[in-house]
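Next up, some structures in structure tokens.
Shared chain: chain A. Partners: chain B in the first complex, chain C in the second.
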Partner chain A sequence: MEYLVVFLVLVVFLQTRITDLKRAVICLGSQSFIIAIACFVLGLSNSQGIHAILPGVLTLIVKVLFIPGAVYRLVGKLKNEREILSASNVNYSTMAAALFLVLGYVIVERLLPGSAGRDIIAASILMIMTGLSLMVLRKRAIIQIVGLITLENGIYLLGLLMTEGLPLVVELGVFLDVLIAVVVLVILTSRMRLSFMTTDTSVMKKLKG
Partner chain B sequence: MNYCITDLLYFILALPVIFSGVAATNCLGKDLLHWLNRLVATAVAGAIVMLTLSFDPDMPYIGRYIYLDALSMWMMIIIGTLYFAFAWTSKAYLDRDTNKRYGYLRRFGRLEGRFYALSHIFVWIMFVVVLVNNLGLMWVAIEATTLVSALLVAFKFTRTSLEATWKYVMVCTVGICLALLGTIIVYYIQLNNIGTANPLDWLYLAQHSGEINPAMAKFAFCFLFVGYGTKIGLAPMHAWLPDAHSEAPALTSGLLSGSLCICAIYVLIRNIIILMPAIGIDFISGLCLFFGIFTIAVAVPFVVVQRDIKRMLAYSSMENFGLMVAGLGLFVPVAAQAMLLHMFNHALVKYSLFYTAGTIMEEYGTKNMMRIHGMMVQVPKTACFLLLSIVAILGMPPFGVFFSKFYMIYGFFTADHPWMGIITLVLLAGMLIGILYHILRMLGSQPKRKSSGELFGVVDSVVIAALLLFSCVASAGLSEITVLNHLLESAARIVLGGVA
Partner chain C sequence: MDFMLISLLIYLVGTVTIVWPKRTELAAHYFGMICSVVASGLVAYSALMYLLFPSGSWLVDTYWGSYSLQADAWSSAFLLLTGVAGVIISIYAMDYARGYLGHRIRLLSGLWNLFLLSIVAVLISGDAFTFIVSWEIMALVSFLLVNHEAGKKKTVSAAYQYMVMTHIGTAAIMVAFYLIGSHSLSFSFGDMANNNLNGFMKDVAFLCAFLGFALKSGLMPLHIWLPNAHPAAPSHVSALMSGVMLKVALYGFGRFAFQFIGMDVFWHGLIVMVIGLISAFLGVLYATMEVDMKRILAYSSVENMGIIFSAFGCGMVLYAMQLHSICVIAFTAALVHAVSHSLMKGLLFMSAGSVMHATGSKNIELMGGLIKKMPYTALFTLIGSMSLSSLPFTSGLVGEWLTLQSFITLAQQAGNPELRLLVIFAFVMLGLTGATALGCFVRMYGTAFLGRARSNIVDKAHEMPVFMLVGMGLEAVLIVAIGVMPDILVNIMQQIFSGFAVVSMGTPLGIIWGGSGHYAIYSPGIIFAVFVLMGLFMVAALYRSGTFVRKDVTWNCGTVPTSRQQYSATGFSKPLRRAFEDILTPKRRLTYLRKEHAYFGRKLRYDLEIPDLFNDKLYKPIQQLMINYSSAFHRVQEGSVSIYIGYTMIAMIVVLIWGVLL
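For the complex of A and B:
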């Protein structure tokens, strides 16, 4: 479990520095893969039967294969697209992620002192905050989708750890929602490419007031 | 013939899905599609009427995944009425939008099938929101409404509608993710304080709400409030609301404003009922009152400077949602009843307003209110409906909204928040002045622009008139309609935490 946390933190830090869209998607896939392993580890140690392996299997299918696959296909159609950021900007993002990690540990110490999965809760808080900041600060639609999935992964991991998995029906519903969300976002992004000739969301500023 | 509640519920939950599956295949002829759509919605509305008549508010129906009590029954009535109105106005709207010079949909052929499929599934998910018994499933359904309605908001795929949809999906999904976090914390509380039986079951949690740990409950409530508040459109998180409401097709705007946002309020109420004994009324009441009134205060200036008619209506919706949340925060029976009644009235009147606004957009080829003059002369029927609905939404007697707003304001004074009541009254007056200024200018003065003639048909006029009349009769004569009155009283009791 500890190794997983190290890898997870590494991947999230990497995500704050990536500007190339393809690499961002691959990074997202590997992040989800780590979550899937965490699901298997926690599931097999805590419960029996279908509830032990189902979250892991679903994560593997939906978040590791389907979502990055769909987004990757979309990225393949985009030409000359990358997140434009200056070096100092990237450094600030990474620094912010480091702050979020410290913040995560502070929150854990305050709210749930002495809990078993202290490191992994901190890591999931890091993921939630990083996902939010990716969605707010980055301009490319693809990176915003990546941020959204990172946020969702963080919340999912936190839920997995705090409650040893949601009830089965709810779990299935959550996965279904994530799946539909990505489908909708991919449709929107490809329409955006047709209408605006770019996936830079900062060109969309006509609606105000 | 005698049907039991289970049959009726299965009927209500099965029919829209089947229809949208058929409509999505796009193999039906245009006329058949329109008539089938009307038939399905009428059948579902009829089933809801029968359900209302056979349902005893003091005896909630408990199924495996379904829980139906007075509060959910009330929401079913609201959504069902709008569903009925949607089905009977959709043909006129779609025909116009695919034919006339300003019709957005004219560039694409045969999109009616897809539009119907999405709309019916959208309404169906809202039925699911109010019927499921599980807090987690409620969350799932609310998120699903966002996603399905996103495709409806972007239906025209114009640049502005894409922008609105992107904002809508991004803002609402983040908000709803926070609500998921809140739900997870509620489950954590349940595991630690109550036990592992009946995970996240609403009734079970409500019966055991006394055993909840206050500190964690407060934490969970903050996330739930921010999360579902985003979906309701409360002030700092409202960025998506005017965009989505103004860019969607008029029918979708009506459904969004009339039923979707109150579904979010419904889920918030369900969560509040569980967490209230642990947190205490003061904290919840303070948050609801502050954000509710803040939302009204934010909406007023935007209405006054608005030029886009649908955006103006969207801000008016925000004002009404703010008022509902503030009314929820008062925690007195009269305000709780008024809030539920206001949901009903607002839904009906706002649907007719959005529909009328859509008609005006097609008659004049613009959404800009500054370019529309002399409607009384050019399009008397539309002008009449616009005036009536505006008068209704602003809360003037004899329309229904008057009664609900009046009792809500009365609630402020009985609940010992007189200053809040006065502030709300002042803000509502500002709203009235802002909206009337724009609307009267559109209705009066000399026509300066050619319109494409009166577009209100027979069927849609009847439906809109019926909506206005229904809201008027149901609120004014509430004490005479025993079924609705009894239902409303029981629903208000549930809102205040009186679970069977």
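For the complex of A and C:
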């Protein structure tokens, strides 16, 4: 489990430094893959039957294969698109992520002292905050989608650990939610590319009355 | 007593005209108006029967889920007023609103029915939710009606001003309901009467209720929407708004005062009384300055609502002083004046509509000599104007006389010199108001109907079609009837307060022909005798001089008098404008268009502007403040989604850190 957390933190930090869209999507895929493994580990240790493997399988299908696949295909159609950023923006993102990690550990120490899943909780707080900061600081729609999924993964991981297995209906609902959100976002981004020739969300300001 | 529910249903049927096929617009209009006449007639009939033969039970008592309808005597007084006004104004509108053929007349008729429906619903609602919902429907429908001639820019801005103001009022009323409802078992009026609210929050509830209802009835600092909304609306709509809707605000305030808040606190009544008096005087002062007929009437509504509220406030003060049997006079005064104001303001708005219909203008400076073109309208307008100036033999006097009576009683019973001084101030204000009102209506009637025509719009004027005359005539007959026999109305209205110890005002016959038993109510008999004597004296004097009628041209130093040598409306009110220059702050501007010689061939233009005191001193600063605040907020709310998500994130971090630190 600890190894997974290390990898997860590594991937999230990497996420803040990537500006190329394709790499960002691959990075997202691997992040989701780590979450899927965590699901299997936690599921097999906590419960049995379909409940043990279903979250992992769903994560694998939806978050590792389908969503990154769809976004990746979309990225393939985009030409000359990359997040144009000054180095300082990237550095700020990474610095912020580091601060979030510290914050996460502080919170766990204060609120849940001696908790078994200390590292996982800290990592999930890191993911939630980093996902939010990606959505705020970056301008490309694709990276914002990546931020959303990162946020979602963080919440999911936290939920998984804290509740030790959600009811089946809730789990299915959560996945359907994310799936629909991403489908809509991908369609919107694709429309945006057709209309504006770019996926820079700052051009959307022109639409304001 | 299912009449009330049937009438609600008929109003609802009348609303169907909104979706009537366009080809038969006129039929839709007549259908709608007949529905409202029938339904209003039913409302008036059942309310009158309930008041004449009080049975101790409710007039209406039914509920549907958490919504309930209940009407007691206090509601019935206003239902009577609504029903009468609804019948008469709808008859008038049958002809008047035909002018809107091709201008969404179906919508007008349907909304008319809905407006009456919502007013009746407000009056019979038995719990706070029903009240607020009906109140809001009433506000929205009247907004749509004011906005009916939406092609004009002025109309739209007046309508939106009305909308904003009325919603501020609704918000205040909702706060008051919430404060009281949260301290009682449920939000039904019966439970809210037994609330255990007291102390500071009770004062807050009272002030909120007063703010909300005073706004709707157009008391002075909050009247700002009224003189704009009335000229913008079609005339029959303004007649109903001024005649009935303003009274509904009095109904609501009375409900709060009698049932929910009580009248134990002395200064509550005092505030109502003083604000009423100030509105009465300032309202009529501004009315005298206007040249737009409907604006005159609108300001006069402010005046009369002021009188009504001052009488009501006087009653509250008397009640707080434990004079329970005497305060009935004041409450009766408020009710009687409400009824008679509804009649006379309905009449005058209808005649303003007729004048507009005939001349196409509302500006009395362009009129003159209309009495020759439209004699019946002129007669009815005269009766209405006399009533509004509270002359004898009209209903207007009855209410004002009773108000004066209640002030006299208050002065008599006032224990301390401060209160007595205040009552003297009240006398002065009321007297000043009455005198100025007389001047105002002499000015309006004289300029519009008497003298010579001031412009050629008078030439094409004509008498009104029959339904419009019938409508105005009915109101005029009622006004005179109440003026001659006030005892019936006064006794009915007095019975409403049977919860208090009612002092009978004597037999009807005694009141009319000899004055009073215990109280001097008002004795038309004596006044009539004086009038007859004076008339005989005048006839005798004229008879001795040998001429009754002598037709001749006015002597004008050898030239034929022209219409420009008459008093203009603006000129007529000049002395008053000079006397109250500090309040009115008139802005005069004289421009020479042509000046070839010092005395001859001059052409000049005179612009007079009377800014509304409260508009400049109260509303403009508030508006400026709000704009400044908004632009400060604009920097925070820039429209970029990223920044909004950023706010969420910052909030989350702050909450997390907060949670960790505590």
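FYI, the second predicted complex is superposed on the first by the 205 of 209 C-alpha atoms of A that agree within 3 Å, B and C clash if a C-alpha of one lies under 4 Å from a C-alpha of the other, contacts with A are read in each partner's own complex, and residues count from 1 in each chain.
We take it that a contact is a pair of C-beta atoms (placed from the backbone, for glycine too) under 8 Å apart; a residue touches a chain by one contact, two chains touch by 3 or more.
In this text, all values refer to a predicted model and were calculated from it rather than measured experimentally.
**Q** Could you tell me whether chain B and chain C fit or clash when both sit on chain A in the superposition?
**A** Overlaying the two complexes on chain A (C-alpha atoms) leaves chain C and chain B clashing.
**Q** Could you tell me if A:T201 is touching chain B, chain C, both of them or neither one (first, second, both, neither)?
**A** both
**Q** After the superposition on A, what does A:G69 contact: first (chain B), second (chain C), both or neither?
**A** neither
**Q** Answer with first, second, both or neither: which of chain B and chain C does A:L176 touch in the superposed model?
**A** first
**Q** Examine A:L188 and indicate which partner it touches, taking first as chain B and second as chain C; both and neither are also allowed.
**A** First partner only, chain B.
**Q** Name the contact category of A:L111: first (chain B only), second (chain C only), both, or neither.
**A** both
**Q** If you count the residues of chain A that each partner touches, which comes out higher, chain B or chain C?
**A** Chain A has more residues touched by B than by the other partner.
**Q** Just chain B (first), just chain C (second), both, or neither: which does A:L103 touch?
**A** The answer is second: A:L103 touches chain C but not chain B.
**Q** According to the stated criteria, A:M129 is in contact with first (chain B), second (chain C), both, or neither; which is it?
**A** second
**Q** Counting clashing C-alpha atoms after the superposition, which of 6-14, 60-68 or 348-356 on chain C is the one that bumps into chain B?
**A** After superposing on chain A, the clashing stretch of chain C is 60-68.
**Q** Do any residues of chain A touch both chain B and chain C, and if so, which are they?
**A** Shared contact residues on chain A (touching chain B in one complex, chain C in the other): 111, 132, 135, 201, 205.
**Q** Considering the complex alone, what residue numbers of chain A touch chain B?
**A** 111, 128, 132, 135, 141, 144, 148, 151-152, 155, 158-159, 162-164, 166-167, 169-170, 173-174, 176-177, 180-181, 184-185, 187-188, 191-192, 195-196, 201, 204-207, 209
**Q** Looking at the complex, which residues from chain A come into contact with chain C?
**A** Contact set of chain A toward chain C: 103, 106-107, 110-111, 125, 129, 132-133, 135-137, 139, 201-202, 205, 208.
**Q** Chain A touches which residues of chain B in the complex?
**A** 65, 134, 136-137, 139-141, 143-144, 147-148, 150-151, 154, 157-160, 162-167, 169-170, 173-174, 177, 180-181, 184-185, 187-188, 191, 199-200, 219, 242-243, 246-247, 302, 305-306, 311
**Q** Could you pull out which chain C residues touch chain A in their complex?
**A** Listed in rising order, the residues are 639-643, 645-646, 648-649, 652-653, 656-657, 659-660.
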